[in-house]
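One structure is given below, encoded as structure tokens.
Letters are used for the chains, namely A, B, C, D and E, taken in the order the chains are written, and counting of residues starts over at 1 for each.
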Amino acid sequence: MSEVQVIGTRAPREPLLEVEQLHVSYGAIRALHGVTLSLGKGEVVALIGANGAGKTSTLRAVSGMVKPHGGKIRLAGADITGMKSNLLVPRGMAHAPEGRGIFLNLTVEENLDLGAYLRVDAAEVEKDREYCFGLFPVLRERRRQLSGTLSGGEQQMLAISRALMSRPKLLLLDEPSLGLAPQVVETIFRILREVNQKGVSILLVEQNAHLALSLANYGYVLETGEVAMAGPGKELLQSPEIRKAYLGE
Amino acid sequence: MTAAGTGEPLLQAKDASIEFGGLKALQRFNLEIRQGDLKGLIGPNGAGKTTAFNVLTGVYRPTSGDILVCGQRVNGKKPYRINRLGLARTFQNIRLFKALTALDNVRVALLSESRPLFSADWLARMRREGGAMATVAAGLDAWNNYYDWWRALLLAPGFLREEEELTRRAEQLLEVMGLSHRRDEEARNLPYGEQRRLEIARALGTRPRVLLLDEPAAGMNTREKADLMVLIRRLKEQFSLGILVIEHDMKLVMGICEQITVLDHGETIAVGTPEKVRADRKVIEAYLGDSYLETHPEAGQEAAR
Amino acid sequence: MSDFIQHLINGIAAGTIYALVALGYTMVYGVLKLINFAHGDVMMVGVYFGYATAFQLGRVARTTLWGVLAIFLVAMAGCALLGFLIERFAYRPLRDKPRLTALITAIGISFALSYGFQLDFGPLPGAAPRAFPEVIQPTEWLVIGDREVVVWNWQVISLLIAAALMVGLQYLVFRTRFGRAMRAVSFDHRVAGLMGIPTDRVIAVTFMLGSALAAGAGILYAIKDTSVQPLMGLYVGLMAFVAAVVGGIGQVPGAVVGALLLGLIEEFVVGYTASSWREAVAFGVLILVLLFKPEGLFGRASAEKV
Amino acid sequence: MPETAALAAPSILPIWARGVTPVLVAAGALAVAQWLLGDSPFFVYIASIVGVNTILAVSLNIVNGMTGQFSIGHAGFMAVGAFISGKVSLAFGDTAIAAIPESASDQVFLVGSLLAGGTGAALFGFLVGLPSLRLRGDYLAIVTLGFGEIIRVIVQNTPSLGAALGLSGIPQTSSLFMVWFWVFLTVLVARRIANSAHGRSLWAIREDEVAAEAMGVDTTAYKVRSFVISSFFAGVSGGLFAHFVPIINPNSFTFVKSMEVVVMIVAGGLGSTTGAIVAAVALTLLPEGLRSLFTALGGGNADLAQKVDQIRMPIYGLLLVVLMLARPQGLFGTREVWDVLPRWMSRRRRSAA
Amino acid sequence: EKKSQTSTETPTPTGGPATGTAPQGGPPPASDVILLGEVGSLTGAQATFGISTRNGVELAINEANAEGGVKGKKLAVRVYDDQSKPEEAANAATRLITQDHVKLILGEVASTNSIAMAHKAQEAKVPMISPSSTNEKVTAIGDYIFRVCFIDPFQGFVMAKFAKENLKTTRAAVLKDTKADYSQGLSDVFIRKYTEMGGKIVATESYAQGDTDFRSQLIAIRSAKPDAIYVPGYYNDVGIIARQARELGIKVPLLGGDGWESEKLWELGGSAVVGSYFSNHYSPEDPSPRVQNFIAAYKKAYGSVPDSLAALAYDAARVGIEGMRKAGADDSAALRDAIAQTKDFPGVAGTISLDDKRNAIKPAVVVQVGDTTAKYVATITP
């Protein structure tokens, strides 16, 4: 396995998510071979990498959508390797998956309520729904529309709102800015900052390396299923390799 | 094929509008694409861009207005007919043939290539004539197809050579899109970005004269986007196409498009060169957002004037 | 004229029974998109459970209210268990596999049950039909003229039950949290998991509900037709499937209306032409219906946006 | 998925010969088989049943497997073929072509009646195919199912078709050769479609109709065509059936029969012709195999031997479940021997060189 | 063809005969055993038919063996299921002939399946006796095909005659089973004869085997106000029909054929069937020792009163065995001739004489359904 190039130093934090030597494969295709990363409480960690590097697979493994073939995943100290997704939600995990995973046969509102499936505090849920509508007014307009007929971007907004609805401790986002208008992208990153300040930790997969790394406390660069580089967001942004490979400079 | 007069418009939308139960998704939409054009279509989410594509390619029938491909009115024509007139597209929510290999995905698109009873170009020309000619062309097309079935069943020598020829062309297209290494992988197993490129390869397979790209750069990192810009320009030349791009990445749109149309709530709020559009107040409010001015001061000055 | 009315009544009655089976069917169907071929056979098994219970209870006890309740409960519980087992061992392992795969296991189960019950050794009942005890004494509920038009108590009973169930299920599916979960699971169970929905449990419960309903329906069916035999599930199950689809996949009211339609068509074909044309005409009409409403009577046009 | 390798496969042959050679070879081989095994009635009968089911499976696979249209009324087409060609043969029962020996002229008439049956079925296939333009998935399934039932009922009520008793007296002119030659033809056609642009168009429809349309595939036409082709062969199989089963009766073409065929193609691996063949053969022989097995086992034990034949069907059902659990993608997935074999052979050739 | 009963309790395997089966394994039977073949519907829609046929045959063979077999050889039978499908019946017959080399084939119940088998038997020149296929076509197939039951037309005639002369009815309705060729045959003849005798058919309705709701047909019949309703169907349908007819206030007697004959009729029909009439091959009430012994033996082995299917199967087997006793089993032509000679054979289901069409000539009895048993009413001769 190739050497991980670590730059800069990381401010010590109480670990929330620890991934060790993660191996994932789909049938014959080996997507991840030995990914190791960690995320501290209240941290924003960015995963960047070329197409097919394994970013999505990493998130899938963490949120229990795919069973890893090897390695350990720990959440707040507890081993959650290979646990079913629905058992992770109560532990405070929320995942906005690649391809958005909207329930196209349900209305916008129903999708949001499903985000809060395990919550019982109706009043609070109501508040949060309003909060999301506040973030994305379009959704309020379309609350009764079948989400199948939403535009790509609108669906993306819905996906993110839905993830927020569960009031997670750890938020996994797979390319949240995908297909969104520049304005909305900014909104989203503003929101991420907000929720992070509220103490939510975020594991962020993003193609827009610039935005991602400037938000993240720490970043990992994946290449063909392995961590190639790691370091504080800002410093990664400065590193020439990154600027060349991912910022196209 | 290439020789087609650069001058005359290959794709025209004239006041095309469509509603979905009250919702005016697209209103009086106008557009013209000629060979060699590279135009952009932008606008906030839900503005009606993809809907515009759907109307142009015949997925939806415009509730009013006309769509003309190569001068021929195609309202309510079936998508495959419109495609055969020379209009190809990619999809925002990727729609590859998931279980087929990358190669086969492209080969599907190549079916119009089979060397038939009546020459394809010939028919294509007839179709563009429109009217009775088009009907005749459709009829002959059917005969071509039956004839072709038998060649396939009897393994006519010509057919075999052709199959190999098709495969070669498909491989070339994969090559062009830099997907040769995925030749025999099932489409569903490709990572997101490569799936997008495969869609483009597939679209090119149909020998289009106009290519519609719906957010081709989505899911690509800045570097890959840069490559894509180069690629799109190259495709335009190499296949002598007219191209219309939907994209939210301003760097890309502003970078490659000569002309940009901006939609908002289905209405066209601005048309013009990148500079002009970028400086347009309405556009900034509806779409780019003020911060865009901060990051791109030059636009700010223009807007100021 | 009086004949016509009588046919109308009987048609509705017959339709009601189909509806009861179809309701259970459409639930499973709505959630798993699985053509649960074994549904009819589960029903058949349920009827035999009821039959056995009735015998245990004996002549007197089984006609008392409690006896009847016991018969229904035992049958429904038994089938719920059966349904659970089937789902657990024959369908769940195939959940992420192509849909038709599960269809084949369903067919396999169906064969195993319907042919298995034809065996005449061990505890198995054998192929011969049995008279189903008159747990509900058939009595006229309404008589017009010289018995020209008669409405029977069991007809009314099953109609009421069906109506109640329809409303109940509709509420369950569209108004409750569990219902929302069901619909989410039916669309994409992996993402549903991400919402914290216990997918396996939702599906299992749905299955048990469906099977229990089948058992209940089956007993009413047996009461109506006064007999029970191993192959009874085949035709009823098929018709339930047809009704469910024609009504609109996963649409609770659709299943009921589809079933009533089916029942009426059959009744009138038999009443006014020859019964031998029954299936032909019934399917003919249904096909026409589908041609005009390709998504079924209550089906919404699929929300797939390009 | 078909491979270019598949086309390169018989590359030993000169290009112009590739079309016909396989047919000639098969004909020869079958003639020999006929000569060797033709006089064992039991074997011939079983082989014929197997052959008919194989044709059914392979042809249904064109609609269900390749085009992804869910048809569960295949027995209906078989019935149409059976009764049409049966009637034709009865009509020409005692006419014969003077010029050639009688047995030969019988075969001529047989082929004629088979084609008649096939064409008739194809016609119905066209009719049933039309709704597929509007209907999707299970809604279409209901239509096909309904069609099958309607056909059955019509036959049941038509005295000239034997009504409930069934149509008997059809000249039993079918033969091992005839049945398996048609099996071969069906497979050949299925395979050549699969390896052509047409096959790919069908797959495209199965995968994503919208995209297929957008890529210039005339989905409506292709869907109907797949129905027509598959029902033609179903009809032929029915015709063959009518010429070796002494009496054909509506009860032989119920929707349970249709289901058995669906089972075969799924068990074999949807979309894989090879799988369809293997599954058809295996699942048809299974009950017969169980019979031999049980008679062998139960010889001593009176009671078991009594029940043997009753136990076959439940066991058959359970075996289906087990099979699907063991190989959910079906025996062959979507692969074909002739996709795997050539690569393997060419590898051998290379290593040999 | 008709249906049978199987015991409500499960039959006691040990009580079942032990020797009545094939010898070990597939290979041709050891020379000291004469192997018979039987094909029946042990599964599928008509499973009940095959099972009691099988029992009847078995019983006959065991008795024959007890009497010392045929020419010092023991008899054995191999039974195959045809799932009530003609193609399977043909297959089973072929298998019996070519693989098991049976000397005689017994079966089937459904005429369709018998015809399928008969072709194979005739081709191979193996004698075949159908116990209960009543369609004329069956024996017409060839000189190796026999039957021990009377054919449809006769039964139709019997009931028509009885209805007109004994019951003095003038208006009759018919409710027939369109899926059963048997029911078709009977009702056609009944209608013809009854009208010839001056009666009036006021309604003809139909149902399909296995239906369970006959109310709509019965409503139609009710409004035609007949004196009697001819229902030549099977007991399990008839039972339900009777119930629903009474339920609809139809009080006139139902008339039927041998298909009614079964204990199940009472179980299914309850009080509703009491008082109706049907034609039959024999009456279990028949005091003659041969009938009573048969019934006793059958009860002992299978725990239920034999229905006429069992009785006919028993007769068929015995006719065959008788033939073997005369001509031996090895020369099939001789065996065929021997069977063809059968005259005044004392069957439990009536005395059997085969005519030149290889059909049994025998009188029919008409019985009335009592509270628990069928009471003998009249004998009607051809």
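Brief remarks on what is shown
Keep in mind that, in the parts below, a contact is a pair of C-beta atoms (placed from the backbone, for glycine too) under 8 Å apart; a residue touches a chain by one contact, two chains touch by 3 or more.
All of these numbers come straight from a predicted model, not from anything done at the bench.
Common partners of chain C and chain E, by the touch rule above, are D. Relative to the C-alpha centre of chain B, the farthest chain centre belongs to E. Remark: among chain pairs B-D and A-C, B-D carries the greater number of C-beta contacts.
Chain centres computed from CA atoms place E at the largest separation from chain A.
Between the CA-based centres of chain B and chain D the separation comes to 42 Å, rounded to the whole angstrom. With centres set at the average Cα position, the gap from chain A to chain C is 44 Å. Each chain gets one centre point, the mean of its Cα atoms, and the points for chain D and chain E are 37 Å apart. Chain B and chain E, compared by their mean Cα positions, are separated by 74 Å.
Contact with two or more other chains is made by residues 156-157, 210, 303, 310, 313 of chain D.
Of all residues in chain E, those touching 2 or more other chains are 13, 43, 45, 47, 178-179, listed in ascending order.
The residues of chain C that reach two or more other chains are 115, 118, 120-121, 274, 276, 278, 302, 306, listed in rising order. Partner chain D is touched in their complex by these residues of chain C: 35, 37, 90, 93-94, 97-98, 100-105, 107-113, 115-116, 118-121, 234, 238, 242, 245-246, 249, 274, 276-280, 283-284, 286-287, 290-291, 294-296, 302, 306.
Chain E makes touch with chain D in their complex at residues 13, 16-26, 42-43, 45, 47, 54, 78-81, 83-87, 90-91, 94-95, 97-99, 111-112, 115-116, 118-120, 123-124, 135, 137, 178-181, 184. Of all residues in chain A, those touching chain C in their complex are 63-65, 84-86, 89-90, 94-95, 97, 101, 103-106, 110, 113-115, 117-118, 146-150, 162, 166. Within the complex formed with chain D, the residues of chain B that make contact are 57, 59, 78-80, 83-84, 88-89, 91, 95-101, 104, 107-114, 142, 145, 148-149, 152-157, 159-161, 163-164, 166-167, 202-203, 205-206.
Interface of chain A with chain B (complex): residues 26, 29, 48, 50-53, 56, 98, 138, 149-154, 156-157, 175, 178-186, 207-210, 244-248.
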